[in-house]
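These notes open a run of structures that come right after.
Both complexes below contain chain A, partnered by chain B and then by chain C.
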Partner chain A sequence: MNEERELAINPIVQTSVQHNTQVVSNIRNLTASLFGVAAGTLGLESYPGFIFYLIGTFIVSGLVFVFRAEGKPSEYFHRPLGDLWGGDVFSGLSSFVLTWTLFYGLVRA
Partner chain B sequence: MFSSPDRRLQIADSQIRRFTDSQIISMRHKNEANIIPSVYSTHEHTTTTPNSPLPLDITLELLASILLLSTGIVLTSQPLKPIQWSRWSGKMSREGRHGTGRWTREGEEVLSEGDPYAFLGLDGGGEGRRGFFDVRGKRREYAEWVKGEPGSK
Partner chain C sequence: MAQPVVQTIHRDPALFWWILLPITVVMILTGILRHYAMILLQTAPKKQMLPQIRQQRSLVRGINLRTNANILSPSSFQARKVFMVSAYQDGKFLADPEARGKPRPNPMSDPAAMEGMMGMMKGNMAMMIPQTLIMGWINAFFSGFVIMKLPFPLTPQFKSMLQSGVGTRDLDVRWVSSLSWYFLTLFGLQPVYTFILGSNNSASQVTQQMSQMNPGAGLMGPEQDPDKLFLNEAENLEVLEHRWILDGVEDRLLARLSA
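For the complex of A and B:
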């Protein structure tokens, strides 16, 4: 009820929300495969590889926070915690694993 | 086979030092040339000496290059748009409708999004509230006609 009233007073622009989600998901997809290249080349296996990915996505979220959201994520994301810091983390995981195994196989095996 | 560790570190160091505003845009392309050698040197290292750990300089170069590359990806991405209606429309009315620098195949410039209620003509200027019946104006006209009617007789 409270949130509903808040949205009635300060309405949200859906096209902007979609645009921002798209931008974050683009950044995630590009950087996830990049981290896969690094993890495979460094020869990480099992859990360290996934931890590497999580650290990498955290750093990228920090970069988005500083350079794109200018330190005010609530102005660009409806739920900053879920949309910026946790947004699309698991959708990028598959491309991470793809390049991770590819480069591990190319460089190490 | 490998360049000396000092030289490699120097290269990585100079890459970081070259982190200036004018080069941020071209950074993505420059660093594609930085991540490939480090992957290749890892390949060479593991084929020649499979059981020794990876040298620190290759690791550092790899990590520095992916950090710079992801910074470049973030910086060259499209700017975010404010989601609150007041801030969004305020930004639009400040900046107005302008070209985005992108062009369609037909040769027309793609414009940024404009005020979705501009067709109402609320800002005055032209005809004002096009498509709406001007109730107040008609009422005033009628009142003047009613007042004027007895006087003219």
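For the complex of A and C:
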């Protein structure tokens, strides 16, 4: 009940939430493709490639945290931990695999 | 145990220009085509008569009153509630008041319901037909040889699918034929569509599924009795616990200022 009242006093506007999610997912998709290009050019195979992707997304999360959210993620995200750090990690994986395969095939194999 | 020998296959560089690039370009273009085909196929909403619109809107009005009730002061909420409930119970907003209490006609015979189903069919067809066509095209032209090596290992179960038409038993699963490039593009091109067409395009599957769940359609479908919906809404309004948002606002303001 208390939380409900808090939400009524400080409402969360759905449009803004959608816009924030859109911005973050755009950044994630673009960087995932670029990480794929990098991993393919470096010739990473199997586990190192996926670890490269995980490290890359973590760095991107940090950059979003510092530059886009200005160090205060609770002002931009409903649940900062899930939406910024954890949520979108695997959404860019398919485009990462696509560009990774393409550039690996072009450069190495 | 000795390390397994790494298999290498020397391939013609022309494979890239004549297979990988065409498949990718075709996939992107089909996505764009699907987007515009969906826009063209969308039927314009039918023009409704004034009583129907009033019936629909007044239900929405009740729902809006219920969801935003806390913003209103108690007296003004009471006045609105009394008006809406009595109007609902008298059936003032009904499109044809004579039909009250009569059984509804069979939804299958209603042309409006059929149209909704047709729209859903069209959406599914716009997904299915290009996929079948492209799979057939790739199978017809590009099967029977490997074109690329995946950078990650797969289990041998994928061999029959990804190396279809390649008749070598001992070839590493990482060497795949063009069909797997098709699958990779199918799943990996969603962000490309987002960049080209904007965020609510109908090229990707997920957004299309979401758009089929049209929120307005289920609200007052043709198969539902508007009178029952009105009575239901009146009951909802009656039992609503009203809590004004400005209750105790002075204390909150003072607490914030003193903090």
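Quick notes on this one:
Basically, the second predicted complex is superposed on the first by the 105 of 109 C-alpha atoms of A that agree within 3 Å, B and C clash if a C-alpha of one lies under 4 Å from a C-alpha of the other, contacts with A are read in each partner's own complex, and residues count from 1 in each chain.
One rule holds in what follows: a contact is a pair of C-beta atoms (placed from the backbone, for glycine too) under 8 Å apart; a residue touches a chain by one contact, two chains touch by 3 or more.
What you are looking at is a predicted structure, and each value in this text was computed from that prediction instead of being measured.
Clash-free side-by-side placement of chain B and chain C is the outcome of superposition onto chain A. Judged by the touch definition given at the top, the superposed model places A:Glu45 against chain C, while chain B stays out of reach. Looking at the shared chain after the overlay, A:Leu102 reaches chain C, while chain B stays out of its contact range. In the superposition on chain A, A:Asn26 contacts both chain B and chain C. Look at A:Gly92: by the touch rule set out above, it reaches chain C but stays clear of chain B.
Of the two partner chains placed around the shared chain by superposition, chain B is the only one that A:Val64 touches, whereas chain C remains out of contact. Closest CA pair between chain B and chain C after superposition: 11 Å apart.
On chain A, the patch touched by chain B and the patch touched by chain C overlap at residues 26, 30, 106, 108. If you check the complex, the residues on chain C that touch chain A are 16, 20, 70, 147-153, 181, 184-185, 187-192, 194-195, 199, 243, 245, 252. Across the interface of their complex, chain A is touched by residues 35, 38-39, 42-43, 46, 54, 59, 62-63, 66-67, 69-71, 73-75, 77-88, 113 of chain B.
The residues of chain A lying in touch with chain B in their complex are 10-13, 15-17, 19-20, 23, 26-27, 30-31, 34-35, 37-38, 41-43, 56, 59-60, 63-64, 67-69, 75-78, 103, 106-108. By the touch criterion stated above, chain A contacts chain C in their complex at residues 5, 8-9, 22, 26, 29-30, 32-33, 39-40, 44-46, 49-50, 92, 94-95, 97-102, 104-106, 108-109.
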